[in-house]
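A short worksheet on the structure shown next.
Labels run A, B and C following the written order; every chain starts at residue 1.
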């Protein structure tokens, strides 16, 4: 069965989950394949980005706020001014990620980290489904 | 063999295909894995978004039109003013989606729906390839 | 084991790798499944786009430059003015792609090509991990 991770996020920020995904992959022993990571929400999303300088994810969050500002000409406003921008930010980033692994290790680059992006203006608990797929 | 779905779209709009994908997954019986959905076009694309309030996808379509307007400084204009914006919108959304399933059910969130985004200014028939992958 | 492709890119441009991915898939004989393509970098990315008119990818690169300009209000500037825009462009395009195949052939549309997008202002050698996944 797929695993479910619960991740607590903070308002408009990025939370790194690379270690949790690495732990799932380590259970697979020596096999090779692809880890599939899916977020069950449409106002938070996923991205793989540089995890060396924390200014990078901070600049990404700021750019998303400029690209989809809270005061845009939206019809969907009933859930608050941050909700429709959150859906736009989710659409242009990722609802799922797929990352290769071999011998129990994620095959990511030196500077790559896996992040949950919270697009709402408050902390949330986000559900993430992790499924491991075997290489052919 | 993968399945091919033909989806008829309308000009600059979103067509929900969650039920068709759920039907493909139900054929797999009790196994777990990931459904892979691929659109064979570059002027239409895919997204997973809220399917409760129809204003959400309408606002997403409007935002894409503002982000990639028809009157931009494009060189590729031979296929009409809506074609190059359609390629940009396709690039910043998704050509493929991957969605986990278990026991014949998609493991999507309560408000998540799977949509085909038509970026051209006319109705089209779009080909979508669905492949089911088993969990390791 | 997954394959690693080294791809030499040019400053702010798109390099097509469809033929290399097709070659990997051809090794699988008559099976069906999904090819998984992952780039181990966060300042270059992947996209599937029209490969008929070269103006299309040129317009995509120009649009990305307008969406994430070098003179933006970024904190992360230590790696040069093109680095933070490169991370933004990577986030809104794709770090991984998944493409269906059957009988040794990619199931892509007539006009679809697989491209590496180089977002930095210089040529780089980019590492790409290719993993083949069997259909259920």
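In this text, a contact is a pair of C-beta atoms (placed from the backbone, for glycine too) under 8 Å apart; a residue touches a chain by one contact, two chains touch by 3 or more.
In this text the structure is predicted, and so the values were computed from the model without any measurement.
Rotation angle, chain A onto chain C, C-alpha superposition: 120 degrees, expressed as a multiple of 5. Mostly differing positions are employed by chain A and chain B in their mutual contact, as under half of the interface residue numbers are shared between these two copies.
Note on chain placement: the centre of chain A and the centre of chain B lie 19 Å apart, centres being C-alpha means.
Contact with two or more other chains is made by residues 33, 67, 92, 94, 98, 133-134 of chain A. Within the complex formed with chain A, the chain C residues making contact are 1-2, 28, 31, 33, 36, 38, 40-42, 67-68, 72-76, 78, 84, 87-88, 90-92, 94-96, 98, 127, 129, 131-134. Residues 32-34, 47-50, 53, 55-56, 58-60, 62-63, 67, 92-94, 97-100, 102, 107-109, 111-112, 133-136 of chain C touch chain B in their complex.
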